[in-house]
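Chains here go by letter, A, B and C, matching the order in which they are written, and residues are numbered from 1 within each.
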């Protein structure tokens, strides 16, 4: 089926997520969609798959303009989407998930569906047991199930959102074979990914989005440098950098291995100096978040050692880390960092070591006011935190930190903030560095990583580069590494 | 801010008016004269010194359970088990009193020990629900419910078994204690100023705790966002357990008072719904401790005032409950309506 | 005790379990959709009184049962509305309604107290009633008991063997996935809550027009049944067959308590009557233990092989509630 997206606009509040996107995809094509986090890819795909409606613009399928009201409506039009975390129902069986959603009578028609399932599975060489429970399947197998289901429902356009995150190499091969087969059958495949190698190896064409705009398209043979440039923009002069970090070794990691149900980060070794800033780069879901939480004591590492200024913190819990001057600032400001319903004064009092039994409210208010002034928070001691803007919430989070700190761990410190807030927050962070605090932060913003870090670690599918000097990196090179390219060169001695 | 305040008040008053309206309709439906009924309730509660004393006697245990659940609500917990915690308090008090009666320990001391035992009993029972929740992930609603039933069965077992009256066990409870072991009351009444004093003291303590102490603030943090509280360094599970223990102690205290000052024995259903009613009061006052005393008083007055409805108008005294439930329900629905109104307006 | 008396006793157990079964099946359906209707105790009392009142006034048993179901559906609607549309706490509203239903039943029921009213006649099924042992046990009952058998089977079939039942499970477990598959999650939740409510409402008259005919105010003996039924629903793991087992077990233990009281005056009967609750708590404990943080940390500390085995064991024990129970759903 031919797909055409005409002049798609979508705004969320102040953010213009899709700016006049025009994209035409002929049937039988595997169309790659590249872009960093926040580029607008997921918004565009949500519009096409019926989750949200565009503010302006048209969707044209096989020459007919259509209006898609909901995901179920989308599949009726033949558009199906496979999410990064497949939207299946884990406690049910494979065959149940397959059947569910198909219109039909009272009886589920399991026998007939089973036959269709077998037929389709054979077609794609998927070996799935219809009786198995979905929560026992791997991500790759869950994807396979979704593909079969969408095909069975008559999808002629299939959208794949970051499908190769968290699947094994052999499953990836199977997936790619299936995608090629689908294209041969005349279906249209949209392959959304940040992994350059995958996109280059699979797609017939590539479109690149940046900041909501379609900045360019490309056809094979692909030039990686060109794609990276389109994704991340030209290499900009990083401007004045304030290198810090010549202090003593504060944090020492030896062979740290962390795992969760999707990822395994293996044997990371690192020595962090006082006042140093290390940036963790990589796309969402590549492991930086997990790594940060392990270094903060929130998640227990499976192997390896963590040493902070001579104190062995391996296996200890968060409270122990906190006592040794480690602080963790989560990205979800209101969900994990602040307490909606409580005022700034209350937060300040909570964050400090309690003095005595009774709260000295006057003292607390004064302290809150001085923090507010210090950090330029637009609010009063009596303001509840949910009434603050994102930027001010982040400032508040920083304002709550105790001084001095040994190690500060930040999950996306400037996500969603404007330039002014970003610069201000970093100036505050650098102040801490002057005092000897080491900082580990993760960010999707390459400029931020290059500008503020002394050294950088790049994460890709759970693999971690050795620490690279930020001064020796360009946005291009960084972009490449984030996309999974250039790692072998690193291993053979380049970098650090 | 101003607009918010007036909208708030508007919806609260609206709920009250609507509750009165529906209650009036219900009265009309059963053929009772509404205004005379209301007048009768008021006189039933305040018409004579005897009535007022009854209200005050009812007020104490209710205030105590309300105070207790304000703590657990603060920590974000639905402590439905408060009824059982009150019962266990009564059981422990009876146990100590039975143990020490007739010994050489001075009666005043026995009473004190009995009351302390009641607090411990309630706290222990609450700690069961707390441990199930904190370490076992069992929702405190179901843990509490189950434990409520177990406590009721335990009471019946004791009243008809090991602690039964000489002869045959009966629903009227265990052998009443000697007068020396009664919490002193005002002359010619059942009203104990001690009971009154203790309950007012407790609610004052709870008010101060929740508003002006670090413990109270941390409880509040745990209740509103346990993840963030944890990141800030609050040991969440410890505060959760603490909330259970403290509420259990107060509920147990309520049970102890029922034994030492009102019934002077253990009887089945000694908790008499005070636990659940305390939950209602807490919900109605939107968990603001400052309103606990007056609203609990209002509820107590309703309960006592409705008792004589039976005699005068052949109406069941559960009318008090109907009105109380209506009020809370309408306030809840009103809150939902208010939020939608504010979002759209 | 001879066989005949035992059989009659056990048949009585089946009959007395019928009201509880209706309530439990109803709540199972509601919770499968992700809504918790905590008002059960109040609904049962109110529908018991109301159903009796209607039957008494009109002389029609059928209208009485219908009235009960209607009351149940209305109360359930209030729960659904407050939760789905007004986003208020299901627990709070359900709890208040539990108390309100109870108080209203006592208050409005005064004129009907201790009145003789219509009662459901027994009806032994021809042929089946003569089967040795099974006959007197299962088939010499009345309409409500037969209906209770049917409801268990229908509920199970619906949930596990039909297409809409599959969607119901989807809604309860992962409403986002059900939404993507075309379900109008909010509407379906309303519907299932009200159907569940109607079944809960059937439990009331099933008692006052049958098991123990008449309305006797606080002496009717129904206060607390709703909480028990709620607990049995949880014990039943949202599976009608297992829940039915729980209901029958409960009724059986009640009966056993009465029987043994006569023959063994030493053993407290309360022990048997209260046994279902520790059982329920134990079940809940085993089922949820894998999620606790201390367990997660302990898992990480284990060597890899042991960890894998432990994870598999915990996964097998898991009979989690429908994952979305109590959580509001927004399609955005």
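The criterion applied here is as follows: a residue touches a chain if its C-beta (ideal position, glycine included) is under 8 Å from a C-beta of that chain, and two chains touch if they have at least 3 such contacts.
As the structure is a prediction and not an experimental result, all values here were calculated from the model.
For the criterion of most C-beta pairs in contact, the winning chain pair is B-C. In terms of the distance between Cα centroids, chain B is separated most widely from A. The distance from the centre of chain A to the centre of chain C, each centre being the mean of the chain's C-alpha atoms, comes to 44 Å. Mean C-alpha position of chain B lies 28 Å from that of chain C. Inter-chain centre distance (chain A to chain B, centres taken as mean C-alpha positions): 49 Å. In chain A, no residue reaches two or more other chains under the touch definition.
Only residues 38, 78, 82, 85-89, 91-93, 95-97, 99-100, 102-104, 106-111, 217, 224, 227-228, 230-231, 234, 268, 270-271, 273-274, 277-278, 280-281, 284-285, 288-289, 291-292, 294 of chain C touch chain B when the two sit together in their complex.
Interface residues of chain B, counted against chain C in their complex, comprise 26, 29-30, 78, 80, 132, 135-139, 141-143, 145-150, 152-154, 156-157, 160-161, 276, 279-280, 283, 314-316, 318-322, 324-326, 328-329, 332-333, 335-337, 339-340. Touching chain B in their complex are the following residues of chain A: 318-319, 322, 328, 330, 335-342, 346, 349-351, 354, 356-359, 361, 400.
The touching residues of chain C, when paired with chain A in their complex, are 161-164, 166-167, 169-170, 173-174, 176-183, 296-297, 300-301, 304, 315, 320, 323, 331-332.
Chain contact summary for the complex, chain B toward chain A: residues 212-215, 217-218, 220-221, 224-225, 227-235.
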